[in-house]
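Below are structures written as structure tokens.
Look at the two complexes coming up: subunit A is in both, with subunit B in one and subunit C in the other.
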Partner chain A sequence: MKVFMLRWPTRNGLPPFGFVALLVIALLSLILTAPLVEIELERLGQSLGNFSEFIVNFMVWPNFDYLPTLGVKLLETLQMSLLATAIAIVISLPLGFLAARNATCHPVVYRITRDALSLMRSLPELVWALVFVSAVGLGPLPGIMALAFVTVGFMGKFFAEAIETIDPKAVEGVEAHGASWMQVRLFAMFPQAFPNLAGTMIYVLDHNVRAATILGIVGAGGIGYDMVMSMRLFQYDRLILIALSIYLIVTVLDRLSDYLRNRIIHGAKQ
Partner chain B sequence: MSYSQIEVKLPAKPRNPFPVWVALALITLWWIIWDLDISFETLAYGVSDMAEYFSRYGQPDFSELSRYLELLGVTLATALWGTAIAFVIGFMIAPFAARNFTPHPSLYYISREFLNFTRALPDLLLALIFVAAIGLGPLAGALALGIHTAGFLGKFFAESLEQIDKGVCEGVAATGANFPQMVMYAGWPSILREALGYVLYIFDRNVRMAAVLGLVGAGGIGLALHDTLRLFNYDQAAALILIILLTILVIDYLSAWIRKKLT
Partner chain C sequence: MSSISIQQAVKRYPNGFEALKGINTEIQAGSFTVILGPSGAGKSTLLRLMNGLETPSSGNVAVGEQIIDKKNVRQIRHHVAMVFQQFNLVERLSVVTNVLTGRLAHRSWVSSMFYLFKPSDMDIAKNALSRVGLVDKAWNRADKLSGGQQQRVGIARALAQQPQIILADEPVASLDPISSEEIMQLLREICTRDQITVVVNLHQVDLARRFADRIIGMNSGQIVFDGSPEQLDNIALQKIYHKEGAEYESFHAALANA
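Let's look at the complex of A and B:
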């Protein structure tokens, strides 16, 4: 029990004031909000029982007849995220330049682009998917639009930051040749920022695949729809396959994107 | 002797695979568009319709503001509890998942794999499962958020722990500290600020997700948005979107401000 008798490395052995204040605030807000989240001891005990009863449902043999449909849906999910990422790259490249302090054409444009980008990424994909589904109907198209919309917000910001951190010497060198406004951006700024941009693109693709798996919940295409339906219809033999395949895809992509980003940013040796 | 007579040996021109990659990417995209049956015609026709459609969101209707604020409170509380659950789990698992603290290499791999697993399951899938298991309501949402983000927090904490200066660890180890003492004296105090920053970031993220968890019945403002859009109540939907947007922007700004102060 020695673990709990901590003596703090301060003069009087008591925790510093800031730390205690933070802890008290956190605990107080947790206790005050507990009723809102319906956390009651009674209910917790009951739900624990319910949960253990429920989890037994997953001890079923997966329904392998479902595999071909699952493959089609997974492919659709991947296609959606790829297309959305591509569209977002095309849109956010120019926006990234406008939102970078050293590449923008006017400070006012810089401010406006920055704010527009932060507005675009502030709402989650699912909210936009809801809006776009009610605008263009069910199917992968609203999903792609929602993904691309939010992703432009993220990628534009990352691009701008990548451009802001480049070495100004190369820019001066190219400017000294009498290069035009566009040429400076194309031949001095873009090549320097490119490794960073490529890393961002891979990160965003990874993010989009994760997001695309759940967009189907609102009918915006992908595996999410099957996920909700099999849950509602208690088809646990399908659900277990869906969950496993999502886990597999996300894990493989996570490792792959880590590896690729390391390679691009730190060079091939690492 | 003119220059043309000197045999100039230039190094071979480096191959530039860039056009090949671009071509491959374009072919893939074309195939995807064809395969998903996306017709840009409808999109082009839709542009004028789209303007008309979005004009329907023009007059936000705040007549049920008190109900919305209540839902917003539930959403924020869900995010808070989710973050708290994630913090507790991450706090306990991170030392095992840090290479320099873990008591045994096999524990390192097990805890890393566990964190990866919770991170890989989408929080909405977890929310679906919890809703089915323990009933509708924000509790299911808080649990789903907590378990999903525990993977993130645990990984962030473990990576910070791995970057602690070796001297600090050696100094504490030299006093004969055991594993918990190492973690409590060499580990957490060294990364306190970073860890707080991560917790804030995760809270920020959880607020966004909590706003949509209502779609699967896990409480909060998301369900209201879903219902209003289903009934084509664009005025109310606009009000809800504005409320969510404002909350997220405020929390985004606050957490960025606190994180800047921390570093």
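Let's look at the complex of A and C:
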């Protein structure tokens, strides 16, 4: 007698072995690693008090005298992220082509570019910012360099992947009419990868604004320095303004990117 | 106008499959040739040899006086255009930009860097679009067009190249009968009026009979028929569409129903 009337769409009706094995491995590793990182419910419960205490600190009247300085610092943060993103786009576009299996000029170039890109994004912005601060001194410049550096690593990889997923038929169509190596990349590959690229660009800009807010911690410009200082000096009346303004900027940017993405993918409304 | 000659062309794929088993043929300049044959007979491979999208494992293919090799393949493509079954347009680009890609072979990479063309290229593209009756769609995105219209863009792209030869790989296989008719008429007219050599792969025997000057029949990598449409009788069709081990009678019945 059949107990179960339902079955999976496999040969024997059982779930696929690979999937089950993966699930078991994932669960086992989770159970084994949880004690290692000290996830203890007891401790979490005890720290609730501290947490609420910190939150209560925010219940202060914002210090509006700080607004002008905040504006300047925010503008600097935005400029840093915009500039870094722009520089990174220019550099990562050609690198993206070289790092795409179907667009690269030679397998060795492909390998080297891939490895260079992964080196660039192997460390977070903050660490690269430390490196550049010690190289070129304090200020927004090392911040921009650090942001651009990591962004090239990410965008180059994303671009390469976008290019690898394009439809080879159009490439053949352009190739068959005698277009050169460069022309095929510009006319058949780039337009197809573009919506994907644009999505990545917008996401990266969004990410860079958030990343730029923290770089000030190591003296690499932007709002981060003020944020950390007001936290250390318990100036919650400033901190709440900083937090709110960052939240505002990120939200506006998010809306904007949604709008732009739709425009790019589906074209302008006619 | 340019002729194509194929000598002892063999195409063997890395997995050992022999798509072409020694093809010898000569295609006359200015003629309209249709290649018929069942799927997998090697029609596409043969056509793709003619503009270097595939290279023969042995033997050679010559366009005009030039034997295609790695060095001159781009130069040969300057005057050999191709029309594809799946149109192979860059869907996100406008119709006219797609047609302009037919001009790329005549533009330097520096101007292409900035997507720049000459005004004369634009005139050629517009003319090509008016030939296929799509001037009013010039600024639409290619993927907003119907299948038949997209194929006409494909033909306009081929025309913009001002080629001596147009190769069409099953140009009507994904189209409805009326669009198919239009596309075949367009190709025929291009051949007659512009004296462009046209080679078309087809599945439709009736279209082949009506439009071709000459029909080449292929089966499992070999030419099994070569003659005028009048010579394409049932016996010839049986040779072309014969399947290894298939029943003679059932095949005959299928033909009668067609």
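Keep this in mind: the second predicted complex is superposed on the first by the 206 of 270 C-alpha atoms of A that agree within 3 Å, B and C clash if a C-alpha of one lies under 4 Å from a C-alpha of the other, contacts with A are read in each partner's own complex, and residues count from 1 in each chain.
Note that in this section contacts are C-beta pairs under 8 Å (C-beta built on N, C-alpha and C of every residue); 3 or more make two chains touch, one makes a residue touch a chain.
Keep in mind the model is a prediction, meaning the values are calculated, not measured.
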- Item | Which of subunit B and subunit C A:86 touches, first, second, both or neither | first
*Quick one: classify A:108 as touching subunit B (first), subunit C (second), both or neither.*
neither
Now for A:59: first (subunit B), second (subunit C), both, or neither, which partner does it touch? neither
Max touched-residue count on subunit A (subunit B vs subunit C) belongs to chain B
Look at A:76 in the shared chain and tell me whether it touches subunit B only, subunit C only, both, or neither; answer first, second, both or neither. first
A:131 contacts which: subunit B (first), subunit C (second), both, neither? first
Practice item. Answer with first, second, both or neither: which of subunit B and subunit C does A:214 touch in the superposed model? Key: first
In their shared complex, subunit C is touched by residues of subunit A numbered 167, 169-170, 172-180, 182-183, 186-188, 191-192, 194-195, 267
Residue positions on subunit B within touch of subunit A in the complex are 25, 28-29, 32-33, 35-36, 38, 42-43, 46, 50, 53-54, 73-74, 76-78, 80-81, 84, 116-117, 119-122, 124-125, 128-130, 132-135, 137-139, 142, 180-181, 184-185, 189, 192, 196, 208-209, 211-212, 215-216, 219, 222, 225-226, 229, 232, 237, 241, 244-245, 248-249, 252
Subunit A partner, complex, touching residues on subunit C are 51, 53, 74-75, 77-78, 81-82, 84, 86-93, 97, 101-102, 104-105, 107, 109, 112-113, 115, 141, 154, 157-158, 161
The answer for subunit A against subunit B in the complex is residues 2-3, 6, 9, 19, 22, 26, 29-30, 33-34, 36-39, 43, 47, 50-51, 54-55, 76, 79-80, 82-83, 86, 118-119, 122-124, 126-127, 130-131, 134-136, 140-141, 144, 210, 213-214, 217-218, 221, 224, 227-228, 231, 243, 246-247, 250-251, 254
